[in-house]
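These notes are about the structure you will find just below.
Order as written gives the chain letters A, B, C, D, E and F; numbering starts at 1 within each chain.
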């Protein structure tokens, strides 16, 4: 709900937030996605997270209401990086900045941080830690899950704490830094993100072609031929296809997921995709 | 074969993991953790560890991005472990048999996210009344809802597979083309995640960098550096990003603000 | 051993390929196509396929650039096939024996390109008279000339090698140092193509990028990615080119046109 | 022949060319090199290609003559990319632009397109398609030549058609786009080209050293030693040598080809270059 | 076992090498040269060659940078050869046994560099008097001092190891943890060299490029291109440097001098 | 000693230096580090090197004294590149430039040339030539030391001569070139240097971990696990540690070397570092 109040009643800057409140909000940030939903995504979880700060800042009921109102608008970012947005927004709230300014900063920060966070945490940190420890688990090493939890969470908490304090302390300076070269920063960060996603497409490509034909003495192995053209050609093509559907055709992700389900099952019916199964239609015999 | 206490424990664990998949540590719920935990409850920690590790590897890279849900690793991982320990399926078969439950979990999440949309009006009301407690309650409610839905799904799963007809049927699915197709589709889910990231970040002038990242990973893979691949990719990516930042700031300063980051071809 | 019909067919095919090497599909003439076609005419398509494939691999990368002619793949490929099928040489020997004919073909092209220079005055005349038909005729004439020259060269080749003295002599050349030298020289022709491209494109500030491309290919080769090497090189190259374009456009816009692409050190 | 007319008599823009004429010219573009020669290279083939358009545009005989005249000047570009130049030039002709302008645009476009086209089509597309299918042919697969022809020509025709329509439709805009950032575009395209040529030098380096000496137990294998210094060092050196001769000494390519023939044969006489032959002078014995 | 003439020759060679390590050819002193030379003096050139080669490989990359001294290769290399030829240790043991002497040499250099600091006042005096000869003499003196110190160290070394008690003791150190630790530390010395270079060159905006260089070397190593690695690294590095230069010059010119190289994030 | 004279007495430019004097100074440049010391590093060797030139230029005793004085200030660069500085400084001396100008140029040139030279000569040329020939030596090839000396010194002398003549001939132009884009040049050169040092850190990383534990059937090999995370992780960490100590804590290199000695020996006592030795404390048994 876009609030129609533009300035707070009480424009006297509030007292800076104390350590205890900041810490409390770091902990609350862990529940950013509690009420995740398709309409406003993390909005209510975001508000839940900064409430302790807002309550200290807005002693006046009207202002608290106004602040809660605009902090319930659509919000979505990477959970581990949310404290950075919290710090900046709270420092603006404390100084009783104009609500449109606060909104603009919140929206400007959440987008790039979402993309970067996904690339770094979901697609880099997680696969590395979970991948290595999963292999240890397969060798029967019971340390594996503990090691995974420790490394992953040490990073997570370090990031959450540090960003909260850093961005709140910098206060408006942070915004200055962020806004002065924001376009350049976003561009560079996106470059990094896109580069990593390109690598992921190749690295985690998980779709192979099963088709192989006996041709006299030799075997025509379709996957082998494709690998000679470009490794991970199929994953790349599928990713680009999904991207195209989302970007140019405006498909929702749920629709894309449905399409991939269909492609997966129909392909398996004809023995196209790799895996350990018997196709419905066996139009070729796998060479021994 | 599963005692009542074991069942309750599994449901509690499921309840926690369901919430954890989006909140709190966002790591407890991973199969590599859930596998041994459920294994321990069922009295076979070793099998649990093996199933957890295998499931983890299978679903690596399938993460929700922008809320897009791949087949659910929580229900999937737990049910795979149950299959392996209780029904005695081997690891691969257990992975396959768990796919339908992973889809069930995916559906559960989507349902919750839809239902919760309806409650946003209630949240606005609490805000209008400046009532923090209302917001708190709303969030707790949503988590409890998700946890209960998941516990329910697992309950259905566990009960049905201890039923011989159902379990025979499920075992018979191993190697079936539908299971093969579901597995293949599961492996494809990550592409949605990649595509969403690209939609968020990829400006027109960045297609080249996307393909360059792809090429670097291909080289690393072929050179036998699959393990440290992502660290090395990050090294190179950071070099590129830092350079880009510095150059574009220089350009902006040189031009008195008129130039800056170009907007692609 | 070669019947008159077969001979005529080979000459017709040669005529077409000679024209196709610079016109029309610019691909029919390639040894991988000509090998099996000539093989089929001579009744041994399998051998033709093998010789065509081998010749193709040998001359990959030797393309005319800016009109510079390497040893000619049309006559070379056709004669190699004839050697293999008719004289029964094995593939390698057939490749070697065809080298002198490839040089003959190269000479034929150079001759045509020289002769046609003389006809440009005639073309100017037709233009002055605004006579399109004259231009059309001139082009047809040139193609026919090239086709006939090549058919002639092939005729001489085929006739001479069906002569036992000649064919014995040619077989005896296998493993000879002159043939070895011609092969080695043939492999070097592509360097002229590379150098011509460099003369066209390489500004002083681009030496680094040349060596970087070299380095990338070396890595790809060593990592066992020789096959997809060029696709991956193109990926990285596109990233670099796009970046370069965007940055230089930014610089130009920043500086009000005074800056732009630097002219090297 | 540099024409001495600078403006057309009839300056009324002609009617836009119809689809049939454009298509016809795409087909004629296949014969760009019909009368290739050392004096003007593709000049007469170029004129042949655009004649259908010119005849429609210049109904006046004098103008047709002037146009044919300046379109017979030296011309050389990559055959597959020529339709791009056709489209632009024809749109200028149709608008009866000044002849020097048309000439300038034609000359500006043909150079970079030649280099890029060679790098992309002769040295990338061709080797990939021909290389893969040649290997299939060696395995006795009769599909190979067909596959090669189909893939190669689908790309060729797609490029020719698309460029013709794109550049003609954009008309003067295309020129604007091309000229506004022409220096930057050429620079970037040349970077790509040079990068690819660098890779080709390594990838297609085909010259090896045969010399190997028995040294007690061990073998001194010269090629092996060179590979330890830099893979494909010999091809790189030879390429740089030829480049130097062409660029600094002004050698013609034919002279360079002659030099390489001499180097090849003399080298083989002394058993320097790799291959299956018996050197004239056997000053070392190949280790078994 | 070492005759007086041999001893004198070794001391002369040491004297020269000590000076050469910072002056003249700055290459004669390298173990690959000193090994066979000392070997020849002691009558076993083959062993000298082997020790010299092995020592060279071990200390590759440990170079003085900005005056920072790693364990000294001159004394180390010479003593290792003596150990191998005279005491009959095998190559590895000889390398290990020479470590304490390499440390002694390192100390000798540091001592000289400290002593010479004191003489700078004298140099100022000669300058004030415009007396070139004084400067010349001062330089000669410093070289002689270093040469003599090193000859002394080698003399002590050679004499002590021909003493059976000492040589038994030293042989007994082979495989000892202290020797192992000294070797490990020796291998670490190069990191100081790297760090010093980084302190000199690495601006804040260059961290990325440092890691990119690391990544490239990792790839080259894994792809089996360890040999030509540095040449290929230089190829890529030159591409980057040239590009950086051209872009930054363009930016400066575009902006009328206000912009230029950015000063990092 | 910072000289207090700012201009020479005799401001008439001296006659250009003859070839013989330049050659002599190239030879003298070989002794740049003769009197290396911690106070002024190569100062006295530098003065020794340019004395023949200075004596010709400053015929007046007072000026010679002033010139010798300021040329005894702190100096340090890479020995092979010193002739470049010599050439520039001598051309300035010859033109009787202001002493502060000469000093500024000398100081500006010596820094980057030092870093670049170390990266190129000590860490690239030397390892390549010495590495290859050392391997030949291990195979018993007596040519090895000669090959090393020849290649290394041909490069060295070529560099020294060429730079001396180039920079002296360019004279003030060289300075103009060097100073106009000096910042850009230094930046680019440093990029190259840093890139190479990054590669060296990986390429010459010489520290491995010895620890390996028998775990039932399988072996837990710590080095293997680290390699799976990042090859040469230990050398990278140690290098960054030393860098940090030098840069942020102001440690001297001698102190860093001492620290590494301690780390090396204590680590070996506990069997941490790889190598062929018996640890003092054997807290694990190496798997067979």
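Following the convention adopted for this analysis, a residue touches a chain if its C-beta (ideal position, glycine included) is under 8 Å from a C-beta of that chain, and two chains touch if they have at least 3 such contacts.
Source: prediction; values computed, not measured.
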Check: Taking a step as a move to a touching chain, how many steps at least join chain D to chain F?
Finding: 1
Next item on the list: Would you mind telling me which chain pair, E-F or D-E, is linked by more contacting C-beta pairs?
Entry: E-F
Next item on the list: Please compute the C-alpha centroid of chain A, do the same for chain C, then give the distance between them in whole Å.
Entry: 52
Check: If you average the CA atoms of chain A and of chain B, how far apart do the two points sit, in angstrom?
Finding: 11
Next item on the list: Averaged over CA atoms, how far is the centre of chain A from the centre of chain F? Could you give it in whole Å?
Entry: 46
Next item on the list: Could you tell me which residues belong to chain E and also touch two or more other chains?
Entry: 206, 209, 211-212, 214-215, 218-220, 222-223, 225, 227-228, 231-232, 236, 238, 240-242, 245, 247-249, 251-252, 254-256, 259-261
Next item on the list: Would you give the residues of chain D that are in contact with at least 2 other chains, written as numbers and ranges?
Entry: 128, 132, 140, 228-231
Note to self: Under the stated touch criterion, can you name all the chain pairs that qualify?
What the structure shows: A-B, A-C, A-D, A-F, B-C, B-E, B-F, C-D, C-E, D-E, D-F, E-F
Check: Once bound in the complex, which stretches of chain D touch chain F?
Finding: 215-216, 218, 225, 228-229
Item checked: chain C to chain E touching residues, read off their complex -> 205-209, 211-212, 214-215, 218-219, 222-223, 247-248, 251-252, 254-256, 258-262, 264-265
Next item on the list: Please name which positions on chain A make contact with chain B in the complex.
Entry: 1, 30-41, 43-45, 47-48, 51, 54-55, 61-62, 64-65, 68-69, 71-72, 76, 79, 111-112, 114-116, 118-119, 122-124, 126-128, 130-138, 140-142, 144-145, 148-149, 152-153, 156, 181, 183-185, 187-204, 206-207, 230-232, 235-236, 238-240, 242-243, 245-247, 253-254, 256-257, 260-261, 263-269, 271, 273-280
Next item on the list: Quick one: which bits of chain C touch chain D in the complex? Just the residue numbers, please.
Entry: 19, 22-28, 30, 32-33, 35-36, 45-46, 49-50, 52-54, 56-57, 60-61, 63, 65-70, 92, 110, 112-117, 119-120, 123-124, 126-130, 132, 135-136, 138-143, 175-203, 206, 209-218, 220-222, 226-227, 229-231, 233-234, 236-238, 240-242, 244-245, 248-249, 252, 260-261
Notebook entry, point to check: Hey, which residues of chain F end up touching chain D in the complex?
Noted result: 128, 132, 139-141
